[in-house]
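In the two assemblies presented below, subunit A is common to both, partnered first by subunit B and then by subunit C.
Now for the complex of A and B:
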């Protein structure tokens, strides 16, 4: 409990800094914490806002599903083949550090405007970290696990599902935690440029109209959502560790 | 090691060749993507004419500034957090959740704070990069073997001498990983911010070319970014690997 107390103090300090910054730069550049929360509660009560939220939500869920399943599958395949992994790792690391936003025009040209482009952009961001985490986890797995599955004559699919995935679950969760936020970011950026709906679109139109309180309200909503999901995943991880 | 490098090169070459052939056969329409060889030709043209030199230099300066800032700030913050366990316990849950927040959503806020320009771009890049440096610093300091510090005490080293001769070299591999990540995140932060909203830089030039249907130019600049990032990344990874193997010895 004391630990949470400390964290609460840090969060309060952040809000205090936010308020001070607001007093310093004024209304036109920043909204105060109170204004932001008020604006958010107003937004949450309008029907239009929920249309945008559900649009972003649908794209995000789809992208995350593809990124997680694809990332784990790729990671397992690359992790099991020593050579394939050695060959692929530097390529993946480089792909990870490329600012993927520059590829955005290409994605748009391939997928057109709309849902599929957003999902593709989210997957592009989220897939690689999940792949890297699961691949490295398999390579550091105890060899005895795989030998046991050989002794039991499990098929490749059985080995993957009953031995390998459970063994590397903690690393998969770490990968998904990172992939989660990157997928969300990818979907939002996708919406910022090529969409008429979604939170990213709301952000862009608020930027163009100079509605700073809307920007901050959406940012706050996304931050709270991201941290809440992340905390849930960490709790799940700790629950697994205690087992 | 050699076989993998050859294979890797082969795979990348094969991919590029496939795209090249598909483009030449017009399976991929010219409006969607130009052939890689044309991208390279266009890129050399751009580099020779010096048309985008100002943008390229401004992006690189921004990336360097952001890297230096986030490495310095991250290192100092890491030291402070390490030396105050109470603060560390309070901050740790927040640090673990930090990368869950899509930092870019704060870019509009920074624009209204700093105006459109380098200030907001560097701020968002530092925000993205600094936490990986803090985490790397903490990791490095945590992993200093106890025996090294004890040895220092036996030799009656001063605090500063211990820091410079024992702690810093021992933490170096982790610190370098932090630097490597800071460079990568600074690149992403700077280029993406320029792309979203800005008036200069390579990211802006790509967005501009895209909006004006100057496809060859756009792909040439994309190629430039990819080559630049790959080059820097390969270099840093090489150093990183050498440092890591030193630790194992």
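Now for the complex of A and C:
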């Protein structure tokens, strides 16, 4: 109950700051909380808007699936092979520190305009953090778990699915939480620069037309979505910590 | 309980039909050297050891002398540098079928409750559910974990977690059971009681047991033979036959013979312990 109260205070404070900021900079740069909510409710009632939402949603779900499953699989493989992991870690970190936007033209050349380019760009953002998290989780796993799976004569697949993945699940969830927001970012950036559909595209056109309330409404929608998902994952994480 | 016991006996009777002369476990000239960061460390050997089928053998020795290393070699987890290791007449390459190990470290899975921990190996082996239930319930009762079947390892004491690991090994009905200081986390009374349980289990299953321990009384009371190891690199400097009856229990500790055995073990081990103390002193000075 007290935690709930804390959350409410934080939300109220954010809205208050937003309102104050709006009063200070004025209509030309910001929409007020009330205007934003009104605009969002208008948008949510138009059919076109939902086409864009579902476009972004599909791209995001696909990208997240690939990033999570691919990241865990890669992380498990690299984490198990000590040498492979030692070699791969600096490479991955370096790769990840490249500003990915400079690679976007290449992605567009490979995948063309449309869904697959967005998905690819989302995966590029989310895959590596999830890989790194799972890889390090395996390296820090108690060695006796693997020795146990050996004396129980488990197959490699059984070891991976019934010992390693459960053992590192809390770390995987932390990786997915991070990967989640990065994948969403990747998909939206992809849409902003080269797409005719999706929330990212809506944002770009709103920027070009100077529709500040639309920009703010989309930002609000995405924020609420991201916070809700993150809270769910955090609750799952806590649930695991209790075992 | 008696149904489970008789079935286990039937199963091991089949194994007993091997030639009697053949040792159940045979080690010849085993040595183990570790290489790490350019240095090599001679951890074990040369060790020769034969265990007969159904024997209770204990290993005592100073800390770091290579006891766990010896167990790893027998379990096929770590190949020796020299020598041959055989289990049931076959060279040990990888983990042999019929070998159960309880490690020194806590190996219970924190994401599974006690029941699922114990059932883990059986489920992976594809044993049928009714049989799993029967064996798991029996092992949980046997290890005194009945009230904790639904508890998670985080809610258990170290000693209870170790019992979960023992139960997880037992349900697989291994023909060779190796335990690495399984009662280290227990108090003296519980240790003696658990020793009795282990003896009961040993009689019921007629498995061969190799127990690593640092408690001389435990080794003296439980074993048919006790191997005393030297400081690193560990070799057997003495093997003591206890001559106990198969139906022994913890009450033997009050007999004079028990005193004789412990005295002999301590006589050998004291020298090794002193050696270890002096080498660590010269190293630190």
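Please note the rule applied: the second predicted complex is superposed on the first by the 243 of 243 C-alpha atoms of A that agree within 3 Å, B and C clash if a C-alpha of one lies under 4 Å from a C-alpha of the other, contacts with A are read in each partner's own complex, and residues count from 1 in each chain.
Going forward, a contact is a pair of C-beta atoms (placed from the backbone, for glycine too) under 8 Å apart; a residue touches a chain by one contact, two chains touch by 3 or more.
Computed from a prediction, not measured in an experiment: that's the story for all the values here.
Taking subunit A as the reference chain, the count of touched residues is higher for B when subunit B and subunit C are set side by side. When the two complexes are overlaid on their common chain A, residue A:141 makes contact with neither subunit B nor subunit C. Using the contact criterion defined above for the overlaid structures, shared-chain residue A:37 touches neither subunit B nor subunit C, since it reaches no partner. In the overlay built on the shared chain, the residue A:173 is in contact with neither subunit B nor subunit C.
Residue contacts after overlaying the shared chain place A:73 against neither subunit B nor subunit C. Using the contact criterion defined above for the overlaid structures, shared-chain residue A:61 touches neither subunit B nor subunit C, since it reaches no partner.
Within the superposed three-chain model, A:153 lies in touch with subunit C and out of touch with subunit B [touch as defined at top]. Comparing the two interfaces of subunit A, the one with subunit B and the one with subunit C have no residue in common.
Within the complex formed with subunit C, the residues of subunit A that make contact are 142, 144-145, 147-148, 150-154, 158, 162-163, 166-167, 169, 240, 243.
Residues of subunit C touching subunit A in their complex: 75, 77, 95, 97, 99-101, 103, 105-107, 109-112, 120-121, 124-125, 152, 154, 172. Of all the residues in subunit B, the ones that touch subunit A in their complex are 3-4, 7-8, 11-12, 31-33, 86-87, 89-91, 93-94, 96-97, 99-106, 108-109, 111-113, 184, 187-188, 190-192, 195-197, 203, 206, 210, 218, 221-222, 225-226, 229-230, 233-234, 237. Subunit A makes touch with subunit B in their complex at residues 3, 6-7, 9-11, 25, 28-30, 83, 86-87, 90-91, 93-94, 96-106, 109-110, 177-178, 180-181, 184-185, 188-189, 192, 203, 206-207, 210, 212, 215-216, 218-219, 222-223, 226-227, 229-231, 234.
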